[in-house]
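So, here come the structures, one by one.
Next come two complexes built around chain A: one with chain B, the other with chain C.
Now for the complex of A and B:
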C-alpha cells in the first residue's frame, strides 16, 4: 500500500502541493487528474524520490516511511514509476536492461521490439509508453505510479495498455496520472483525485464524469 | 630476423617526443605470425621486456609489461589483429602497416607512453579500435601517414590525474578519429595535426564527466599546411545526466551502478549494440 499523510511538496521555495492525503492499496486503481501545471507529475516524481523536491509529511510504502530512501531502495520495495517522457540512454542495450530488471521471462513481442536497440533511443513517443508498461509488467510492482501512460497513443494502443493495467491490478495498486477521458472508456477507477491550486479533492468515478462534462473550472 | 616493409622515420618520433627511439631498436625478434583463424590467440606474459619486437598478423597477443620498452609490428594485410596490454611505467610502440582492408584492436590498461605508428597505403582501409584505461600519468600517441581510409575509435577511461591523447597524422586520404573519454578526476587532451596533401579529416571529441569534481581541458589544434586539406572538428564536454541516473534508479539500479551503465554506454561506438 502507498500512503500519503499530509504531504506537501515544494521546489525552490514554491509550494506545489499542500497536505495531500490518500491511500492506494493493491487491487485499486486511482486516477490523478488536474489542469496543466497543477503539480501532478511533481507529485509522481516526489513519490519516486527525485531529489529536486522538498517533501513534508509522510510517504509510506507498506507502512514504512520512505521519505529519506533513495529511488532505487523505493523501487526494490515494490514501487514502479512510469515516466511521461522516458529518457533515452544511448549505448545501453535494451535486452540486457530488461534481463536486469525483470522478475519474469520477457515476452517475444517485447523482445522483437527492442532487439538491437538502445534504452528508449529512437523509439516514437507511443512506443516508449508501451515499453514503460512492459517494464512495469516485468517488474511486477506492489504500487505503480504511471504519468500519462495514454498520451501519444492511438485508441487501440490505449485499449491494449488498459487491459494490461486491469490484469496487473489484481496484485498491484495503480496511481495513474491522466489528462484525457479516453482512458475512462476502458478503465473504471476506484478513486479519482483532482489536483487544483495545489490541493487535492478526492471522489469517485462521478467526479471524473463531472470534469468530463464541465472541465476543471466547475470544481474551483 | 625479418625486414619490416615499413620504416617510420624515427627522427620524427624524436621530434614528437614520444619516447626514446633507441629503445625500440631490436636485436631479437619474436615472430608471432599466424595466417590462420582470427580467433587464434597467443598469450604471452612477460615481464621487464626490453627491446623485444613482436610481429602480429591475424593474431591476438596479451602482454604484461613492467618497465622498459617493447614494440609490436602489425602486418595488417587484409587481417584482424589485436593486442591486449597491461603496462606499468612502460613504453610501448605499435607499428601498423596496412594494405587492403584491415582491423586492429588495442586494449590497454597502462601508465607510461603508448604510441601507435600507422602507415595506410593508397586504396587501403584500416580500422583501429582502442580501449584505453589509464592508471597513472599516461600518454597515448598516434602518429603516421594515411593515404587511404583510416578510422580510429578510442574509448578512454581517465582514472587518474593526467592523461594525454596526442594525434599527429599526415593525411592525404580520408581520416576519421573519434575520441570518447570518461573522466573520473581530470583529463587534458591536446593536439591534432593534419599536415599535408589533399586529404579529408574529421575529428570528434566527446567527454563525459562522472565525478562531481571532475574536470576536462580539451585543447584541440589543427595545423593545416595544405590549402587542399579539408578538415572538420567537433568537441563536447558534458556531465553525466541526472535524469538518466534517476531513471535507472527507479528501475532499482544503485546510483554508482547506474552511472557505470551510462558511461559504459557512452563509450560504445554508434551501431554497437553488444
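Now for the complex of A and C:
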C-alpha cells in the first residue's frame, strides 16, 4: 500500500504540492487528474524519489516511510514509475536491460520490439509508452505510478494497455496520471483525485464524470 | 603527477635468482652489449648507436597532459636475457593483483601466466599448429630476432623506415634499445582467416618492453593482427616504448587490434604507423585500459589513390592515470578517405584525445570524418580534446564532431527507478557509451573491459 500523509512538495523554494493525503491499496486503481502544470507529475516524481524534490510529510510504502530512500531502494520495495517522456539511453541494449530488471521471462512480442535496439533510443512516443507498460508488467510491482500512460497512443493501443493494467490490478495498486478522459472509456477508477494548483480533492468515479462534462473550472 | 608517487613496492616481484644479464641504465656500453648478446649484424649495431645520438639530441615532448620531465632513463632495465629472467612464484604476486584476477574470473592456470609465473605451454602448441598452416601459404610470423637472422634484407629495408628514428625522442630511444617483437609477412593475394595473435609470442619473448613489430601485407593480401594480453600484465619495467610499422601494399588490407592493460606503474609511450598504398586499407582498433601514463596516436599515411584508414579507439582513465589517445592521418593521394572514432571514459583520471588530420595539396576528392566523445564520471576526472585539422586541398572535405559530458541525472534517475543502484546504473550507462567501439573488440577483451569498468565504478 502507498500512503501519503500531509505531503507537501517544493522545488528550490517553490511550493508545488500542498498537503496531499490519500492511500492506494493493492488492487485499487486511482486516477490523478488536473489541468496542465497543476503538479501531477511533480507528485509522481516525489513518490519516485527524484533529486531536488523536497518532501514534507510522510510517503509510506507498506507502512514504511520512504521519503529519504534513494529511488532504487523504493523500486526494490515494489514501487514502479512509468514516465511521461522516458529518457533515451544511448548504447544500452534494451534486451540486456530487460533481463536485468524483470522478475518474469520476457514475452516474445516485447522481445521482437526491442531486438537490437537501445533503451528508448529512436522509439516513437507511442512505442516508448507501450514499453513502459511492458516494463511495469515484467517488474510486477506492488504499486505502479504511471504518468500519462495514454498520451500519444491511438485508441487501439490505449485499449491494449488498459487491458494490461486491469489484469495487473488484481495484485498491484495503480496511481495513474491522466488528463484525458479517453482512458475512462476503458478503465473505471476506484478513486479519482483532482489536483488544482497543488491542492488535491478526492472523490469517486462521479468526480471524473463531472470533469468529463464540465472541465476543471467548476472545481475551483 | 610525479614518478615518485608510484608505489614501487607493489610491483616489485621478488626474484628467485639474479639474472645473469641485466642491463640497467641507458649507456652506449649497454646498447653495444644488447647488440653483442643478440649477435646482431653490424648495420643494426650502427643503427642503435646512431639512434642513441638522436635520442640525446632530442628534447622531451612537453605538449602532453602528462609531465614527462622527471622520467629517469637510468632507472630502467633495458635488457634481461630471456633464460635468465626473474622467475616469479605465485606467492610473490601482490595480493591486490591476485584479487583483480579473481574478480575478473580468470582461471587459476591463466592467472599464473598473467602474473608472470609460468609460461603458457598449451598456447605454444596451438601456435605451432597454426604456424604449420601458415607456412604452407608462405606466411611469415616470427619473432624479430629470428627475422633479423633469417630475413636480414627485408628487415634492413623496413626497420625504422615507416617510423623514422628521428620521429621523436621515444622513437629514437626505441631504436637504440629495442628487443623482442614480431615480424609478419603476408604474400600476395593470401588471406589469413584467423587473427594472428602476438599473445602467444609474448610468452617466449618476454624480455623487452621495447618490442618492435613489422607487418608487411603484400599486394591483395589480408590479415588481422591482434596484440595484447587478456588481463593486467605485471612487469618489472615501468617504461614501455614499442614501435609498430605496417606496410599495406596495393589492394591489401590490415586490421591491427591492440588491447593494453599494463599495471599502473607503467609509462606507455608507443609509436605506431602504417603506410597505405593504392586501394589499401588499414584499420586500427585500440583499447587502452591500464598504465599510469599513455601517449599513443596510431598514424596512417595514405600514399596511394583510394587508400583508406579507419581508427577506432577506446580509452579508460582510471584513478591517478593520464591517458592520451588519438590518431594521425595524412592524406597524400586522390580519393583517399579516413574515419576516426575515439571514445574516452575518465573515472578518477584524465583522458585526452589528440589528433591530426592533414589533407595535402593534390589529395583531391579526399574525405575524413572525426568523432571524439569523452565521458566524465565522478570527482577528479577530466577529459579534453585537441583536434588538429589541416587542409591544403580545396577539393576535399572533413567533418569533425566532439562531445564531452557526464551521464545525465535524468538517465541515472530512470535506471534507479528500475531498481538499479547509482553504481549499477553508472556502469550500465558507461557500457552503453562504449558500445560502438566494443563491438569491434574481440569478445574476450570486450568482456574483460566490461568487468574492469564495473570494478572501477564500484570503487568510486
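FYI, the second predicted complex is superposed on the first by the 220 of 220 C-alpha atoms of A that agree within 3 Å, B and C clash if a C-alpha of one lies under 4 Å from a C-alpha of the other, contacts with A are read in each partner's own complex, and residues count from 1 in each chain.
Keep this in mind: a contact is a pair of C-beta atoms (placed from the backbone, for glycine too) under 8 Å apart; a residue touches a chain by one contact, two chains touch by 3 or more.
Source: prediction; values computed, not measured.
**Student:** Will chain C clash with chain B on chain A after the two structures are superposed, or do they fit?
**Tutor:** Clash - chain B and chain C, as placed by superposing on chain A, overlap.
**Student:** In the overlay, answer first, second, both or neither for which of chain B and chain C A:5 touches.
**Tutor:** Touch status of A:5: no partner.
**Student:** Looking at A:160, would you say it contacts chain B, chain C, both, or neither? Reply first, second, both or neither.
**Tutor:** After superposition on chain A, A:160 lies in contact with neither partner.
**Student:** So, A:117: does it touch chain B (first), chain C (second), both, or neither?
**Tutor:** In the superposition, A:117 contacts chain B only.
**Student:** Once the two structures are fitted together, what part of chain A is touched by chain B and by chain C alike?
**Tutor:** Residues 48-50, 70-72, 74-76, 79-81, 83, 86-87, 89-93, 97, 100-101, 118-119, 135, 139 of chain A touch both chain B and chain C.
**Student:** In their shared complex, at which residues does chain C touch chain A?
**Tutor:** So the residues of chain C in touch with chain A come to 408-411, 413-422, 424-425, 428-429, 431-436.
**Student:** Going by the contact rule set out above, which residues of chain A touch chain B in the complex?
**Tutor:** Contact set of chain A toward chain B: 48-50, 70-72, 74-76, 79-81, 83, 86-87, 89-93, 97, 100-101, 116-119, 135, 139.
**Student:** Given the complex with chain A, which residues does chain B contribute to the contact?
**Tutor:** Touching chain A: residues 241, 243-244, 246-255, 258, 261-262, 264-268, 272-274 of chain B.
**Student:** What does chain A use to touch chain C in their complex?
**Tutor:** 48-51, 70-72, 74-76, 79-81, 83, 86-87, 89-93, 97, 100-101, 118-119, 135, 139
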